[in-house]
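In what follows, chain A forms one complex with chain B and a second complex with chain C.
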Partner chain A sequence: MFGEGILKGLAETARNFFGSFVSAERLTTVEYPEQRIAPFEAARVFPFLVYDGEDWLAGLRCVACQICEKECPPQCIFIEKSKDKKPDFVGKPQSYPMRFEIDISVCMSCQICVEVCPFEAIKMDTAFELSTGDRFGGLLLNLTQLAKPNAYYRQIHPTGAAEVDARMAEEMAKAEAKAKTATDAAAKAAADAAATKAADATPAAGDASQSRPDEESRR
Partner chain B sequence: MTATASFARSIIETSDQIFVLLKQWLVSFLPAAWQPAAGVVLCVAAIVGLFPALFALTTVLERKGLGRIQNRIGPNRVGPLGLLQPLADGIKSLTKEDIVPARADWAVHFLAPLVLVVAVFMGFAVVPMGRNLVLVDMDAGLLFYFAMGASTELAIFMAGWSSRNKYSLLGAMRAVAQMISYEVALLLSTVVVVMMAGSLSLTKIVAAQNQYTWGLPHWYIFTPWGLAGFLMYAIATTAETNRSPFDLPEGESELVAGYHTEYSGFKFALFFLGEYLAMFSVSGLGATLFLGGWSAPFSFLTWVPSWIWFFSKLMLSIFVFIWLRGTLPRLRQDQLMNFAWKFVLPMTLLNLLVAGLWRFMGEGWERWVLCTAILVVAYVVMGRMGMRREHFGPRSYRYAE
Partner chain C sequence: MSESQSHSAAAGENPEGRKPGSQNLVSQRPESQKLEGWNRPARTEPEADGQLLEVSMGPHHPSTHGVFRMDVALDGERVIRLRPVFGYLHRNHEKLGEGQSYLSSMPYTDRLDYFCSLSNNWAYALAVEKLAGQQVPERAEYLRVILAELTRFQNHASSIGFLIQEMGASGTPLMYAFREREKILDLFEELTGARMMCNYMRFGGCRVDASPAWLEKARARVAALPGFVDEFERLLATNEILMARCQGVGILRPELAVNAGVTGPMLRASGVGYDIRKVDGYGIYNRFSFRVPLGEHGDVYDRFMVRLLEMRESVKILEQALKEIPAGPVMDPRLKLRNFRPKPGEAYGRIEAPKGELGFYLISDGGPNPYRYRVRPPSLINLTILEDMCLGHSVADVVLISGSVDIVLGEVDR
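Now for the complex of A and B:
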């Protein structure tokens, strides 16, 4: 009431003033270009495309389903779907993107593309030093710039990557089990067919039963 | 023994008067008829060079100090510890485009920063910065100082009005309202000093304080009326120089930048310079009036050159200005006006009476007790009255319901 509040405030600022010279906890500034702290695991900047294995073109998880392109609120993704198909990680033939471009000057880092992707193909990057001298081409990232290995994803988001890996391993196991039962069934069918063949000696039925399980294992 | 003593005394004397002797030596190269004029030009050049240099130093120290108050590091990129920051800022403001709004009154718009800086510089002419170190030893120095100080308001209104911008005009209106309100309190708070010293001459006011009893100086701040006067002076000058917490005229969160919204480049730098120079100037005057000017704080320290004492007092007040800026939030316009007219002004008026009482009660302890008691009681009563909250009943609407 009589100015004690002002004195209290002055004491507080004086404590900060002198405290910042002696205690390191007070002075939390990181002098950025020289000093750096590792980015937080939950940090997100711009999306990138994950690929498995060594060859990025072969291992790309993206199947060009274009869900992210449709869901993107600022419409910064452009995808051109391939005409032909190639097998994905479980061996099923899928389309792949001929062109996949993200305009990072438009992207608002909302992570909606990541959330809608059913194939774990697009994830958020933590790299933030993306300045460029070319403000048109330099900010439009193409497929080669966007594709990054799964090892990199594991490194920047360990928790998220572990979940994704577990889920994919499960899927893979399921697919393998399915394939195994299918091949078993095929083998059984083949054995049956052989038995029937031995009995009836008609070759056409054996061929048909052998080709079907093959397709089943792909699916 | 006496030879060493006299040698020591001459060293002290020379270091005290070094600037005066330097001026005399430089002037002595000229013919006698030119010497007085050349001396004045030299002194003016020294003032015009020194205070902007101090301004450059203060800006970087202020930014670093405020940073530390907020647990930041502050500028540290340009030069060692960021000390060359003002150089970078100066180059920046010199190379920036100077924009005059299309419909502005360009002549007034051009003149405003010049008038401000010139008026502020004039104030330094009468402030004694050391023993014999005053440009013009005027009999009515204090009056001259306040006349010059008051003309800065004109410059600010010129700037706000000529810009033809609503933020500028609002800022200028606020500035004028604030500066005129506090000008009254400022003048009245210094009148007590004139009453005691019996002179408007700033050198005589310093001389009156430059005496010692038991090694302690007779500074006016060490008397009840002097302390009260000094506090009122500090409040009024903070408002006069538009410093936080009284920085409403340039409140950046409300008015873009107030009266200098439409200024860019070097004209803006001149406003900035004028503001800081005003701060140095009022700090110097405050030191002269209440803190004994260039006199030493203890009698055994009188061997230290007088100008060192003056500038350390000045820098100390600058430090307090920065400290206050780092602490207090901005006032509201009605709080500002209430504070000026309902608290500061009555206190300064009462202080005049107290100073009169002090003068006529003569030596002795009674006057200390009585004067302190009057001021403390007035402070408590006025503080209570000022802080009293008015309680309003539930709001009733006449037409809305």
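Now for the complex of A and C:
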């Protein structure tokens, strides 16, 4: 019969139309500003810099190694390295960024910077309502705008943050253990030295072997 | 060219196929219309009796899927000349790839065919893996197949939706297709972090592993996909208006398709059984049982049906892959992403992207960035025979034919 196919198709449309009244599965949209879907944990929008502790400048994980600046495909990151150094979370003196700017009008949210960062310093944000009236200054984020606490990172990416925290705690424990062995060794050496001074012997070889792996452990 | 017969009026005997109106357009074309190399002189002399109307369709025409222009010369309603003009979206993709590291090119490949970013990722990763001689872990191969087939499914669904929309059915089929695509994009977002610009695959594996929860969700979604294909088929496949508009329109002869290098559903709709998943067996495709649907007439309707059937085959592959996916790593942790310098050499990695053969050709001189980076885009090469398919048809059919090619301008212009 001519027109059978059309009728079949219309039956399908009717099924969908009336189905939306009885089946919640068929309602596929949400009324956006009022209703919101929570972003997925893996969601990524624009990068931000993670800091530990309260003081963002002191706790910034970024050491201005400029790897992300080099690897960024659209070249939207600008970093100026500091002249002086500050201690990082394990206490090793590291450079820090004097300026760290990301032009989010150029950024294409590819996450390459996050992948190449060896210090877990740059992570992807999930905030997406970022419209601004100032399209030049408003979209060029500087260090103060980019720095966000680790608590925020834990909140938006719980799984990833837990992994990073575990890895960093391990590293810190290792560094502390190394420092402890170093101080112990130094104390022992001092004691030994005092003892040798008294007993007139040479324990210097054991002291040197203790300190070398400690230096290696600090990147 | 037989000007007296429009496609719908030519109901005479046709030795080639069952449908009325199939014209052997290629053989009917005069010798003067054949391509004479790249610098073919512009044909200014009118080939019809009346005055020619030159219409510039595009670049801002909704039927052209982006910024693409067709310079059409019309005699009345019939197209007697059509020249595709592209380059409006040229982004210097290949030269950019030569100026930056291998890793940095990966997110740019998402932006070639932005409907199927995961297929593009795979083709590029395949080329670099060939170049560097890297092995891919088993689980990563399965994940790649799953994601590529999901990509193919959503691409074909929305491509059919766009095709029907260009026929005038504005809304319903496209919205149904997008409803389904949305569910697949949710899967992509949960796994890769982005809906369209996934940037997921890496040389030697995938970026992150899929959680068991994700795989469960994917299984549930895939189990619902055949229902959608059935619905789509009931909605469209036997619709008389659609059949009247599509059958016998835009016929592509298999000889011309092969000679022009057309690949993908376009070629298979013309009856040539060429699917790189079968021919090349890249990845682990030789482990799955699936069939390659072929058309018989090479018209718009066959292209539509081939896509519909391919969606069913994709679901078959997905079910097998999701059942068999093994545990294990998705990437060798010793592989380094930065300072990646493959040894000097060249490699061509190709996959069956939803639109055809997508290939990446790379030459390495041992440096951190490729010496030559070349993309073989299926959309561009499938577009080259647009004029041959459109000659003799009306303007409304030109829109339909260009829709059935399934182009994405990000890939055509690069």
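Everything below uses one rule, namely that the second predicted complex is superposed on the first by the 191 of 219 C-alpha atoms of A that agree within 3 Å, B and C clash if a C-alpha of one lies under 4 Å from a C-alpha of the other, contacts with A are read in each partner's own complex, and residues count from 1 in each chain.
As a working rule, a contact is a pair of C-beta atoms (placed from the backbone, for glycine too) under 8 Å apart; a residue touches a chain by one contact, two chains touch by 3 or more.
These numbers come from a predicted model, not from an experiment.
Superposition of the two structures on chain A shows chain C clashing with chain B. Of the two partner chains placed around the shared chain by superposition, chain C is the only one that A:Arg44 touches, whereas chain B remains out of contact. Once chain A of one complex is fitted onto chain A of the other, the partner contacts of A:Ile6 extend to both chain B and chain C. Which of chain B and chain C touches more residues of chain A is settled by the count: it is C. By the touch criterion defined above, A:Thr28 lies against chain B and chain C together after alignment on the C-alpha atoms of chain A. When both complexes are overlaid on chain A, the residue A:Cys110 reaches chain C alone and has no touch with chain B.
After overlaying the two complexes on the shared chain, residue contacts for A:Leu130 are found with neither chain B nor chain C. Judged by the touch definition given at the top, the superposed model places A:Asn16 against both chain B and chain C. Touch criterion met: A:Pro73 reaches chain C, while chain B stays clear of it.
Comparing the listed stretches 81-89, 333-341 or 351-359 of chain B against chain C after superposition, the clashing one is 333-341. In the superposition on chain A, chain A positions 2-3, 6, 9, 12-13, 16, 28 are in contact with chain B in one complex as well as with chain C in the other. Against chain A, the residues of chain B that register as touching in their complex are 65, 68-73, 76, 323-324, 326-328, 379-380, 383-384, 387.
Note for the complex: chain A touches chain C at residues 2-6, 8-9, 11-13, 16, 28, 40, 42-44, 67, 71-73, 108-112, 115-116, 124. Across the interface of their complex, chain A is touched by residues 100-101, 103-108, 110, 172, 176, 179, 182, 189-194, 197, 199, 207-208, 231, 234-243, 337-338 of chain C. Residues 1-3, 6, 9-10, 12-14, 16-17, 19-21, 26-29, 31 of chain A are the ones touching chain B in the complex.
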